[in-house]
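Next come two complexes, and both contain chain A; in the first it sits with chain B, in the second with chain C.
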Partner chain A sequence: MRKYWPLSFFILPGLLMYVIFFVFPAISALGLSLTDWNGITPERNFVGLANYKEMLTNDPIFAQAFGNNIKYMLFVVFFQTLFSLIFAMMLVKNSRLNVFYRALFFLPTIIASISVAFIWIFVYDPSIGSLNTFLTKLKLDFLIQSWLGDKNIAIYSIAVVQCWAHIGQVMVIFIAGLQSIPKSLYEVARIEGATPWQTFRHVTWPLLAPSATIVVAYTTLQSFKAFDLILAMTDGGPSYATEILSLFLYHQAFNHYKFGYASATAVIFMLIVASITLLQFKILRANKVSY
Partner chain B sequence: MKLRKGLVVLTILMLVAGLVLGGCGQKKPEAPKEPEKTVIRFAHWRGEDKAAFESIIKKFEAENPTIKVEQSIEGSEKHDTKLLAEFQAKNGPDVFAVMPGARFANVVKGGWFLDISGEKFLDVVKPHLRLPGQDGGKQYAVPYQLVFNDPVYNKGIFEKYKLEPPKDWKGFLALCETLKKNGITPIIFDSEIGPGQFMNPMLMNNMPSDDALVKVQKGELKLTEDWFVTTLKQFKELNDKGYFQKDVLGTKKAGAAALFAQEKGAMLAQGSYMMASNKQANPNLKQGLLAPITVSADKMKYEGIHTATFMIAINKDSKNVEAAKKFMAFLFKPEIAAEYANATGQMLTISGVQYKTEELMEQAKWLEKKTLFQPRYMITVSEVEKAIVNSIMDVIGGMAPEKAALKAQQEVDRVIKK
Partner chain C sequence: MSLPTPNLQESTHPVPSRKWPELLRHIPLVLYSLIIITPLSLVFFATFKDLSQLYTNPLGLPRSWDLANYSRLFANENMAVYFKNSMIVTFTSVFFILFFGSMISYAIIRMPKWTGAILFSFITLGMMIPTQVNMIPTYVFFAKLDLLNKHLGLIIVTVATLLPICVFILTGFMKTLPKGLIEAAMIDGASHWKIYTRLVLPLSGPALATAAIFCFVIAWNDLLYPLLFIKSAELKTLPLALLQFQGEYLTDYPMIFSGVVVASIPMVIIYTFLQKYFIAGMTAGSMKG
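Up next is the complex of A and B:
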């Protein structure tokens, strides 16, 4: 063991960066969460757990933001995973046309979130937006909605945009997973007379499970930590219908100048994300497949 | 060996001779040193004004060769965030723009404003227009732009249907009905900035006092009282009667502006600051300003709303205060202000400015009218402001005015701990 100790110097730069840019801010956020600091004046008073108490017991907007977070996450995780899997299965063969389509589906991933938001604000506009115009042309007027204005659907309208922007990215992970499944297994299934559904159910899906777990883990965190898209599209409105925790935190800090309260939100947010990550890590380990 | 020694001696001799001869020569005249320049930074959020300010800065630098002005521009929200971070790090801009209301109050709280009370350049701004930049009797910032937060209307449509800006609520509803009957959306309203803008003229004659919203944040007045509920009911009436375009809450600022520029609506519930960009989008547009009078004509106190959204101030910690003051004084010269106003289409607080565009001349008429300073900017607690704005959205979204008022009041109570 002793002869390896000089090797520890090699991890020092990384460790140092981690301490400076993560550990230190995390500890200082924890400290700030126990104060009433407004982010402007140097004075800060120690308030103990008052910020946590206010947030968890008396702030309806925090509760609403947390609920919105869950709705948003569940929608994105389900539909992003489902559609990226469907597209991956359709485009798994390395033909020229498929490669072209893969690039096409991947394209939204490389567009900045703000640009995506502006594109979709115009798509969703109730008067001049292309979506409602398209539905009118198809005589599907009953489907016309105030996509970003209706409190009941605004969060899902943004979730659709999140899926649109990231399906191509997740699809690539699934394609890699599908291409790593040995072809011999499909041949055996074909010889045994398995139907396409049986082949999917008993060959593809079990062997794709590690990729699916990575996809679900990634999508869960990505959707839970969503921020810029919602900020640009609705800024949490109408009436907090699309306010999620990251946005709530931002508004508390930079609109209301309650840095102590925002830090308490950050701590809670960090705990939630850490719990989800831990849970997924356990599932990921349990899903290891060998063949 | 001898040869090498000789060579060394010869080289030394040549070097000495070179130095001596060089020293005897005439001294080369030194290139004239450029005078050391004082660099000041001017931070604001109006990207659309970059070219206008660049031209003004060039003129200022020509007049003051020892000063260089750097412009730094961020979006309005990022501007505020960055400004506060820079002030805390004692690295703030020398001259900066700030909004009135909660944002101004934050900079006062931080103690980052230089007191500019008594500066000569203030003389060109009428005393009542300087008020939003004052705190505790000191002048910390000077409003530069003068905005009328009243709906912009399409004069062409009004002329076609022989309509005049109404003098009371009944007249306003009748006007909207006529427009609607003729297939024109009376009011284009957006959910992004619309409620925060339109609430001001809707409230101005309903409020029991000019500082009613200040009293709300102090807990002295309640949003559940008649004056506020009535205002919400009037919003509901406009919405229920179909005087706003369909799906107001899904319409963003840009979408609303596009509808108005396409002449699909008669009024745009934003403010005078939109007139220049509307004209740019549709050069045939003839625009005026009108405010809804929500009471009967005899009870009208105000004809409209005015505000200042681009206040200019100096950083207390600036190392170049004199240069910063010189630059600020330059911006407030009427001829320079006129250049800015006509290039950007913005009305200014400065007296003696010659406006050239049709839109600015239209706005200038409002200088003579009785207008109230924007009530929303009198609120200094941003959560109170948000609760009030949200109550309007709630009503338009279908909530009963009384319930929306109660919800807003509960949020205000929670925030101010009453």
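Up next is the complex of A and C:
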């Protein structure tokens, strides 16, 4: 035991910081969610589960925000995974040109989402936006939209931006997965005369399963937690069409001063995120491949 | 498994792409490159146009490479101050994240197996907590501690939030260091501090770079906590300043974009030189729960 005690000196500063400023706030969100506190006046009353009841049964905006989260997530997970997989397969070889493509596709990931938001507000601008200007030049005027102003498409317009910003990042995870598949398996497939599709179906895809699980889980969480991009692009509008949970709880707390209510949303939000993560671990464990 | 393979001249990665004619492969790749480059360059060109030129010619090259928007930006806005604020907050945070994170990781690999595993799980569990969940309690707590509207508050919350991922990356790496080396140092009577500073830290260079870049990108680009905490104009960081340009300059795109360019340029420059570490760092980050 004696030789271990000096280690506490290594652990304490970081651990204290983490517990006091990260774990403690997370736990106190739970306490706040049981009160009707407005964040300003000192009195806060214990209201039990009233916030949760109100939110889950009687708040159409919460329901809409939740629905928007799901739409946004499904769109991003599907398209981001699909395109990053296609690009990964095209760029898996380490040639000079491929490394250049990879670096270029990755570039948007390092730009702050607030900047990405402004870039795309410009692209989507109804009058001088590049997208509508392009469409006019290509004589495709019928496709012209108010990309961020139409409440039926705004959420998807932002989802496209999320994909744009992260396809390169996800592609790199897939490339790492593809490069770890033993080459001998492909040789066997070739000798057996497998078509490219059969090779993909029976060799690449099953062995890529762990990377695919990581990608899907990461993309799910990342799109579920989206915040900066939507805040800057639409701030939840038009008429709550792009309001998502993280934005909803921010608005409830800092625009409407409903700290207790917002904390209840935060707890629900947290539960959803945690269950997605646990599900991911479970699938990952079931999917362990050996070759 | 090794089979007698008659035809081995092409043992490079034979993913189906090999079968595609080379030119066909480049069509989607070039198209997507354009989808990346076009918005970025349009924004860059817009910073050299005035508003009327932007409206008449949104897609073309600027008439002249006029720096008026940039000088307006630095004259009206304290761009240099925001830049300095971002540097202070980001560099201090990253330093402490790496310092605390590497000490904890060192302790984890040196502790008895189970204690180390428990500590590791407890800390990396933090990767599951989204920052939005913490924002309200942290705000309330920091108001009590008088840490709102201070860079110190931002630094503290950044360090606490990013510590889990740093421990995750560093512990993973330090576990792979040769055990014999550390044991030899122990037998020579080196203290933990000496082993940590003279042996483990220097050997962990690549992992430290990975973690540093990951934390740097997140901290430099963070919007949520500056938005919650910082009220004084002279304490704003770059992303927060940019967000507030939106209200101030509304559709004055050239002005807003000059800000975007100034805020992104350092990142893009470092990225072109340290690409390998950026990609490793941001990918390690996405491997988290």
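Remarks
Operating definition for what follows: the second predicted complex is superposed on the first by the 271 of 291 C-alpha atoms of A that agree within 3 Å, B and C clash if a C-alpha of one lies under 4 Å from a C-alpha of the other, contacts with A are read in each partner's own complex, and residues count from 1 in each chain.
By our rule, a contact is a pair of C-beta atoms (placed from the backbone, for glycine too) under 8 Å apart; a residue touches a chain by one contact, two chains touch by 3 or more.
No experiment lies behind these values; they were computed from the predicted model shown.
Look at A:Q280: by the touch rule set out above, it reaches chain C but stays clear of chain B. Contact with neither chain B nor chain C is seen for A:A209 once the two complexes are overlaid on the shared chain.
Look at A:F254: by the touch rule set out above, it reaches both chain B and chain C. In the superposed pair of complexes, A:Y4 makes contact with chain C only, with no contact to chain B.
With both structures placed on the common chain, the touch criterion links A:G237 to chain B but leaves chain C unconnected. By the touch criterion defined above, A:G149 lies against chain B but remains apart from chain C after alignment on the C-alpha atoms of chain A. By the touch criterion defined above, A:I128 lies against chain B and chain C together after alignment on the C-alpha atoms of chain A.
Number of chain A residues touched is higher for C, counting chain B against chain C.
In the superposition on chain A, A:G39 makes contact with both chain B and chain C. Residues 39, 122, 127-129, 254 of chain A are contacted both by chain B in one complex and by chain C in the other. The part of chain C that touches chain A in the complex is made up of residues 1-3, 5-8, 11-17, 19, 25, 28-29, 32-33, 35-40, 42-43, 46, 54-55, 58-59, 100-101, 103-104, 106-107, 110-112, 119, 123, 126, 128-130, 132-141, 156-157, 159-161, 163-164, 167, 191-193, 196, 217, 220-221, 223-224, 228, 238-239, 242-243, 246, 253, 256-257, 260, 263-264, 267-268, 271, 275, 278-279, 282-283, 286-289. On chain B, the positions that touch chain A within their shared complex are 77, 80-81, 84, 88, 106, 109-111, 191-192, 245-252, 254-255, 258-259, 264, 382-383, 386, 390, 393-394, 397, 411, 414.
Taken in their complex, chain A has these residues touching chain B: 38-41, 58-60, 121-122, 124-129, 145-151, 235, 237-240, 254-257. Across the complex, chain A meets chain C through its residues 4, 6-11, 13-15, 17-18, 20-26, 28-29, 32, 39, 83, 86-87, 89-93, 101-115, 118-120, 122-123, 127-130, 133-134, 164, 169-170, 172-173, 176, 178-179, 183-184, 186-188, 190-191, 196-197, 199-200, 204, 214, 217-218, 222, 225, 227-228, 231-232, 246, 249-250, 253-254, 259, 262-263, 266-267, 269-270, 273-274, 277, 280-281.
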